[in-house]
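The structure's right below; bear with me while I get my questions together.
Think of it as A, B, C, D and E in the order they're written, each chain with its own count starting at 1.
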């Protein structure tokens, strides 16, 4: 009897947390969607031989990696209306602001990973492509990038795993996601159990992330 | 086919690496370029294949100017469109092959014909298979570069260059990354190309090969052409003291 | 283990130290002043109570999410920090009698033209997650249903910033905190006269620590009788708003 | 007048935050002190050819990287007294528990970095050492490890930068550190300025971290 | 000095790589081991230098058993202490040098004498400098491996092995990673060692070198010793058909 009641309650909680997990997943996928290509652009800018492009990008990366993401979230939500001159003020919807902050932050991390990957491709690949007459953009997208992707899978997977956990930070903008639901439940029931159920959710998501990356690594292991 | 006039090239912070080189290669001719390490052979080849910009001089490919130098000393490259056309006439085979590791052997060969030359994929594949047959690697069409031995890799690199139907093919030490036993396969392919009247310029340390296959041998030292001539003359009775020392060294290595 | 003898008061007395757990960011009940010292209404009361009981008071900041664990693992002896008495919490904690009333009030921008709860229909309301504002809202289902959107924040501060910025139309929070804020920062906020269900603050002890709870409850009643409690209340709120023994 | 008052207030805040930063620095250095060597041990266990050693270590790494650090902090502080059988219960002091959780968590990350580094050293180095008669431990400490350190500097610096920011999590155990001080100040003053001052503190610390690693990289660049 | 009896070695999932090899090397003798790629030469060398465990057979170093096989088929290695002593008698020079990149040239040479053989540092350094002088690299004592050419690296690798005063020195293709021009330096050093009566076994593709420096040449194919003899006999009139094919190949490569 007790066990039954206990387990229905547990089930109820899991369902509740699941609903919070949906928001978590949305921010997760949107962040990847924007930050992965943006990171590539930033990496290219970072490696460009022009100082005027180079220096601001380095500064951008320093700020984005050097300060806590939570502050960046607060900044992107509150700053446009607090800092801009009167006529130009605007406010992003909170979820949009969260996506912007996450994407810009993770793009900085991904940019450094891309850069490492791109710089590790031997010069000979560029030269062979040049002599065959490939244009610069053909060379990059047909020859270089596919090889880069294979090489950067491990560090990217690290960042993605961190992202799964970082999603909890959006709660600072008043968005309810997995960890917020767990905290509310913990408060209401006066128990830390919901927090640990949330932990299992994160573990599960990260387990899937790991599997996906393992599969990708396997898929790309057709060559060396 | 190729004419080089008074070519100079240096790198930031180095003395001149190539200093006033002039020569020409006629259609169907095979030229071997030999010389000690650091004499500027690779640099010269890279200038000819547009991998490096020259500092002075002129290069003409099939009569068309690829780069010239104005009386003011300004180096003028042909416009981008013209350069692109000229580039298609030049093929290059690297010492380290530089095959694309993520493409199969077949795709290594077809990628440029399809996406650079605009050849229909079916035609490019047919051509690639024909080339593979010629270099004796028909069974490796679907293999990936890491599955090939050095000699096989180099032969694929040659096929990849040939697929673009270049007018002139450059080789930078095509066998020096290979075990001596694998060298034979590659040299055989080059010999066959020579027999088919392919215009080629080969930087090589394989004196025996240079001797056998080249129509003309150019000996370079310290960025300059010291001596050139038919293999018989250059190996048999070199006019220049430096050439004699260098070739003596070679004979010593060979242990005879 | 209901049969076990309750020695909680003796234990504390023997230790000579009483550990009070609080979230040190809850002005004016318990928070840090500009020197980093923990001060507040609850703190002043607790200091006086401990003085009378002849024990030393130790203030232990805790994370609000982990307060159950903190109490049950005996890292702290009580939670004394504007803790709202709810039936659900009463299952797990032993409360003193309520010592203060607290209403959940609604703050809006002065220029918003909103003057009643009804005017909030379809609007966006913010509140602090896990706070009693949340409970109060849940127990006013009609009002909750009339709202357009409810946004939960980690902290009241961010909610109020959002209100100022226009991201919210109203914030629901403890009256005590609201008045403190408005007094501190003269922002253009007003508090609506209408309020949600009033609730009560109590001190929370471990379920079994009956004797310890009673000791403090008795001391508080004594402090109320001799006017000490009123004096402390006047210091922080400008009036006596305590309710124990009344 | 106003400016003066404003700037004394700012100075006061910086001083207050500085005191919080001391705790931040303590947890930071203690975590590095324990997790760097521990990570090496874990990496060696992870690579050991014994399944009984291998599998638990993999599991450990999965849990440590797959679940939020904040939960691990809660766990190491509360679990010993909540889970253990009656007589064995104990509670670590909060700061100690924080150091334990941080060290164990970061050791998992460092372990994976060490592993990557160790696996990237060519077999030939081991063989050359073996033929010269070096013992296994001499080979590891004289030949392999010094080369590993050079190679793993960049990923380690990434983790250290993250650690600087992660220190803010110890507030969950009621420990007052930089970010907690900033939040309290922000609450009291109803202003986000303290948060952004805290941001500058983090940025400054990370700037120093970056400089230290740059210097180390330079120092080790005497060979390739 | 070294005696090998009926040695077998295979890898998990491969057919036997070395199948019943027996031979011996006398003190002061130089033996060249030749054979086609994949014939098991490197594997044999790795077995002799304890880098691989053998599956069957026996190896004796200076009369002492390093490994033997019991009648039951069990392979018995000498006890760890004895093995350690035997290991010190064996030196090995790798194809890829495997210098320690984080040590200077000097320290590459002194590290093992000091920390393995327990030589006083001053003595080890004196020895190292003497060896560096011998290989013509005195001026490179403080250089780091990445600053050396291939030929210089290989000579340092030889000095590193010699510093442990081995009784027998093994080389696995010491020159095949080198440009032909750099090969000369290394071959010269090995020739000098031979003149000093150093016992050596050299796996090599340099037939000319084998011919010149070896007292005896062993030809391996498919894991077995096909033929052995003095260079004159093996190169001049090989008895075995397989040897003839292999050497014919070599002559072809040499282009003569």
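The criterion applied here is as follows: a contact is a pair of C-beta atoms (placed from the backbone, for glycine too) under 8 Å apart; a residue touches a chain by one contact, two chains touch by 3 or more.
Predicted model, so just to flag it, every value in this text is computed and none were measured.
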Looking at the contacts, which chains touch subunit D and subunit E alike?
none
Which chain's mean C-alpha position is the greatest distance from subunit B's?
C
Centre-of-Cα separation between subunit E and subunit A, whole angstrom
53
Separation of the C-alpha centres, subunit C versus subunit D, in whole Å, is 36
Using the touch definition from the top, which residues of subunit C touch two or more other chains?
65-66, 69, 161
Residue list for subunit A, restricted to those that touch at least two other chains:
74, 78, 192, 195
Considering only the defined contacts, which subunit D positions touch subunit A in the complex?
62-63, 65-71, 74-75, 78, 116, 154-155, 161-162, 165, 168, 179, 192, 195-196, 198-199, 202-203, 206-207, 210
Flag every residue of subunit C that touches subunit D in the complex, lowest number first.
21, 24-25, 27, 31-36, 60-63, 65-66, 69-70, 72-75, 155-157, 160-161, 181, 184-185, 187
Touching subunit D in the complex, subunit E uses residues 49-51, 84, 87-88, 90-92, 94, 96, 98-102, 111-112, 115-117, 144-146, 160-161, 164
Of all residues in subunit C, which touch subunit A in the complex?
64-69, 88-89, 91-93, 126, 129-130, 134-135, 151-154, 158-159, 161-162, 165-167
Given the complex, residues on subunit D that touch subunit E span 122, 124-125, 127-134, 138, 142-143, 146-147, 150, 222-224
